[in-house]
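Read from first to last, the chains carry the letters A, B, C and D; within each, the first residue is number 1.
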Amino acid sequence: MSTLSDTLRVAVIGAGYWGPNLARNFAASPDWDLVAICDRDRARAEALARNTGGPAIAESVDELLDSYDLDAVAIATPARTHHSIALAAIAAGRHVLVEKPLAHSTAAGREMVEAARAAGRTLMADHTYCYTPAVLKIRDLIDAGELGDILYVDSVRINLGLVQPDVDVFWDLAPHDLSILDFVLPGGLNPHSVLAEGADPLGAGKSCLGYLSVPLPGGALAHIHVNWLSPTKIRRMVIGGSRTTLVWDDLNPQQRLSIFDRGVDLGLQEMMLGDAAERKGAAISYRLGDTWSPALAEVEPLGLMVGQFASSIRSGEASPTDGEAALRVLSVLEAASGSLAAGGPVRPFEAAREEVR
Amino acid sequence: MSTLSDTLRVAVIGAGYWGPNLARNFAASPDWDLVAICDRDRARAEALARNTGGPAIAESVDELLDSYDLDAVAIATPARTHHSIALAAIAAGRHVLVEKPLAHSTAAGREMVEAARAAGRTLMADHTYCYTPAVLKIRDLIDAGELGDILYVDSVRINLGLVQPDVDVFWDLAPHDLSILDFVLPGGLNPHSVLAEGADPLGAGKSCLGYLSVPLPGGALAHIHVNWLSPTKIRRMVIGGSRTTLVWDDLNPQQRLSIFDRGVDLGLQEMMLGDAAERKGAAISYRLGDTWSPALAEVEPLGLMVGQFASSIRSGEASPTDGEAALRVLSVLEAASGSLAAGGPVRPFEAAREEVR
Amino acid sequence: MSTLSDTLRVAVIGAGYWGPNLARNFAASPDWDLVAICDRDRARAEALARNTGGPAIAESVDELLDSYDLDAVAIATPARTHHSIALAAIAAGRHVLVEKPLAHSTAAGREMVEAARAAGRTLMADHTYCYTPAVLKIRDLIDAGELGDILYVDSVRINLGLVQPDVDVFWDLAPHDLSILDFVLPGGLNPHSVLAEGADPLGAGKSCLGYLSVPLPGGALAHIHVNWLSPTKIRRMVIGGSRTTLVWDDLNPQQRLSIFDRGVDLGLQEMMLGDAAERKGAAISYRLGDTWSPALAEVEPLGLMVGQFASSIRSGEASPTDGEAALRVLSVLEAASGSLAAGGPVRPFEAAREEVR
Amino acid sequence: MSTLSDTLRVAVIGAGYWGPNLARNFAASPDWDLVAICDRDRARAEALARNTGGPAIAESVDELLDSYDLDAVAIATPARTHHSIALAAIAAGRHVLVEKPLAHSTAAGREMVEAARAAGRTLMADHTYCYTPAVLKIRDLIDAGELGDILYVDSVRINLGLVQPDVDVFWDLAPHDLSILDFVLPGGLNPHSVLAEGADPLGAGKSCLGYLSVPLPGGALAHIHVNWLSPTKIRRMVIGGSRTTLVWDDLNPQQRLSIFDRGVDLGLQEMMLGDAAERKGAAISYRLGDTWSPALAEVEPLGLMVGQFASSIRSGEASPTDGEAALRVLSVLEAASGSLAAGGPVRPFEAAREEVR
């Protein structure tokens, strides 16, 4: 076990698609020693180790947890395996970082959160987007009141994507949008209903494109479009506020964020009318103001994320993407699946749970 | 009354927002004589007449129909008045062109269609977009099989727009998308259910932004996003097909249409598996091909539209945007309003009607 | 003759490409009465008159000047005829507006300027761009010091254009850029040399694409790219300043102007080093700041321009696009032709003239 | 020494900005063994070695050439040192890859080319862009006659760049454009004159922005804009041809290449007129055709480049970016410097040399 001033010792479990990104960032971080790579495919683990300073190789989680003195593990395996690996690591006294989504079900995710809490270990989700300069700036702007009240969120995340064998397009792509919403919205993501519509026009056996609606407080609405079949790639989120509207175009590196000081105003009458019913006839107009695009720091999000993981372990304070946050995301995903099955709105497990309390 | 070889005599009713566009195009058309402008606001009518070759002025529909020898009238007044004006014109033996939407309700629209049919007069809707080079090309491409089967349609029509006093954002903007879909989709628009979600975060008393879903044959889905509160203007429709995908970006005059020869394929296994259930496990991959952007003729859509109106009157053949087409659009709009009220999917009147037959 | 409170009486000479735009704006202006249209092609003049409130028709300049009580004429005929028509109108006591370029040569232009001065008549050039909201804002920003010192100007004005029968690409397109530079640069356009390079790869007998360089005070450089053969249309001017850099993308209506608070700095050392020679080794770095896009008023530039013409006539004060300004533009164009012929830099006539004084 | 079937042994000299890219690609290539990294800064070399499979470290070129059994070296040191290191390596019997530019002068470059030829060693320049899918496709399209005759090339390569201590903006950025032109143009780059204009508005002691013109055969013109002071980043090359025009927008990953089947035509008269002088009056018009964007392979250019280096060594055949090609680029750069000093067009050394022969 390391003291606060020491570097922390970590292993990455899973050397497939995402694991190498985690391994490279742990290897480059002053906070961390990358001690081992764990993968059933030894050759794949070795290839990764060669380019990350030569950590040890383990071929199973048991071997990893038994053989190496670790502070933490980072799990980058298929979602269905997160639950058992995380529980084993927590049982072995390790802090745990998990690739999104936290687990394959809300129930499994809740078990992970509760196990970590009981063991006094840090459980954190790698919601990478929350550590990008753009999303950090969006949160700051909302916190500072620059947008005013949130009126709507419209997010589009579409491109030509491989049809995943184990999950539909909601579980594949929407965790990004949901974790971002949870991160930037005051109060986080805690909707009382979720409505999803999907289409499977190729007969793939699962939704390959879909739309997800999440009501927000005050009559606002968040809407997410995910699509594996789009030949054009779009990654754009619009957050409409009562003061300004923010557009985040993640594929425009020269101007990722734009804040439009434009909008629709209820006119003068509104001020003189107390009654909401009377407001309906009020004059409504729009104003055209300047647009502003803040400079963004050039920071490697995963570098920041592994730094946050270290900092949470050392301080014992929850990170903004801790297990609870990941559970809120999971809960909406699960409700989306329920809505697809039911053909109508569904109340998320977590929201239902809150109510019971 | 004019013979087939003569020009036709028309009056424009309504000199407000849209009427001047109609008047200018009738005035410039070799098919038409613009005989009169009708508006209760005489000064407004006179100002328009000055720039359209000096037609006569009428201050009421009655005066217009009584005083002038007309073949047709074009109605560009508020939607709520379309029904009575059109019925009066048809009763007076005139052919009728109506600005979108055809009427304020499906029932009113059906009366108009039936009155025109009974009187043997042409009733046509000014679904202007259907006469643009882009939409004409889209229809040709779909008809020629270039896109294959339609898998999905995603349409976004958003910008900062005045909150309308009499209609919500669906009735204001979605007629464009719906009339285009009716025009380009094989078989037209005839969905068996409609799902709409709206938001009124400003307390304007009506939806200021919303989403409309319309299932299409074969598991396909059309989805329309309309929004008055967006500081950025987007007019983009994506039509995903089994062979190629078409993107229409109406705000990019240099490349309005792009056809992507890219897509997701069910792999080799599909061919060997007859069973849909077994297909679910089939390998699915994507291919990246060329993109192609067809040259579009530079044509004034309203010029083409008034030419089509003349041609339908002369030949007696229905135009592609005739009363029946407008009624299909109206039926979906009305179902959208029903869905907003019901909080779930609603079957359109026309679809229900078909079933009864 | 009208008093100051009256509207002014104007005729438009030339009903071809540009004349209709002028006629429409005079007809719509509260400052002006459009009294007559003059064109040798009577049918063309009549067609224009029908849509501009029905002014009279004249078939020759002599007929026009003899028959109508006019305050002013607007000349929109081929450049080679500007000189004689303007001199005739001035001789007849009319104020004169001339489409760009002012004349076909500096000598002819100077005669026009001197005739107007001698007769106490207003001579103004229709440098339309100078009346656009974008260019007006650019001038304001430069005047307010927002850009700091001007370091460079790079202007690109290219698209597929008809090869003109009478002028090369410089005379066709560069007047726009040059008149804008004259308008926005402190001190106007008065370079001591001009360098032009052209290419005629189709064998059209004149430059179809070319580059024009104009040194500015303080080591700065303005560079203009004009091209008739480009299938993509670009209208972009970058004005690099020591404080900020402005980018004007005229084909992006959603964000025409962007002001980048970014740039290259000579570092701390510079302040401690007086000697220019020593500065060369100084640390130079760049900073990344915010971007800002000012809202622009929605104004019809030609409406503003005809208003300015009226105002100059009434007040007797020169407009910013008066004959002298147009002469500076003409002088650079003529020097560009000289540079093409000489294969090297050429001193403009006006600059040479200044020196003689 | 390796046989044809063996992997080749290479060392990378210089672990600064570009060396790591070369090292990573050699390490990942099946053609190469990365044997050593050479840098005076041992810590920097070691950091690089850790992420490239652990090659040996040498602190000097002498040590490197003496201690290791190498087939080749790759030089990624400051341009001024290329000449001496390359000559030493060739003298030691190694094949040599050199980062652009080949050398700091044409004379030095020619010595390197001649030393390699005399020793029978492969000398190749890392003109990376020539190995990108976009540039490879451009060359194929030109070779296949898709563009017809080349009429003009306009290249813009601008962004906020550090003012380099040792070179001006031409030597920093234009090698990219020139090496691409040399690669794609039939016959390569061999102009008989070069005209450069630069500006140093910050007083940095060298051009920070500039324009370079290179006449091409048949009246065509290539023009290059390089700029360190532009807050917007543009990487766009337009190649206008008599059949089609190609636009390469390297910052648009979704549509890097567009081929416009549009252009300006000399009309019917041309066919009937043999005489070039008479053609000048011929009708010239433009046609608007489709646009086409070819799919591009996703290939790592440096991977392809190190593969080409191996292949050239094994076959003894020159690569398209061999020393001669690099010398043609160098020759234009040197002429550009001469043109800046002379204030007019300058004949490149290589062109002059050809003439003497």
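Heads up, the rule we're going with is that a residue touches a chain if its C-beta (ideal position, glycine included) is under 8 Å from a C-beta of that chain, and two chains touch if they have at least 3 such contacts.
Quantities reported herein were computed from a predicted structural model and do not represent experimental measurements.
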item	value
Least hop count linking subunit B to subunit C through chains in contact	1
Pair with more cross-chain C-beta pairs in contact, given A-D and A-C	A-C
Remotest chain, subunit B as reference, centres from CA atoms	D
Averaged-CA centre spacing for the pair subunit C and subunit A, given as whole angstrom	53
Interchain centroid distance [CA atoms averaged], subunit A/subunit B, Å	40
Length of the line joining the C-alpha centres of subunit A and subunit D, rounded to whole Å	42
Overlap residues in subunit A, where contacts from two or more other chains coincide	232, 262, 288, 291
In the complex with subunit C, residue positions of subunit B that touch it	50-54, 232-233, 254
Residue ranges of subunit D in contact with subunit C within the complex	149, 151-152, 154, 160-163, 165, 195, 197, 199-206, 208-209, 211, 213, 218-221, 223, 225, 227-232, 238, 240, 242, 245, 247, 258, 260, 262-264, 266, 276, 279-282, 284-286, 288, 291, 343-345
Subunit B partner contacts - residues on subunit D that touch it in the complex	255, 261-262, 288-295
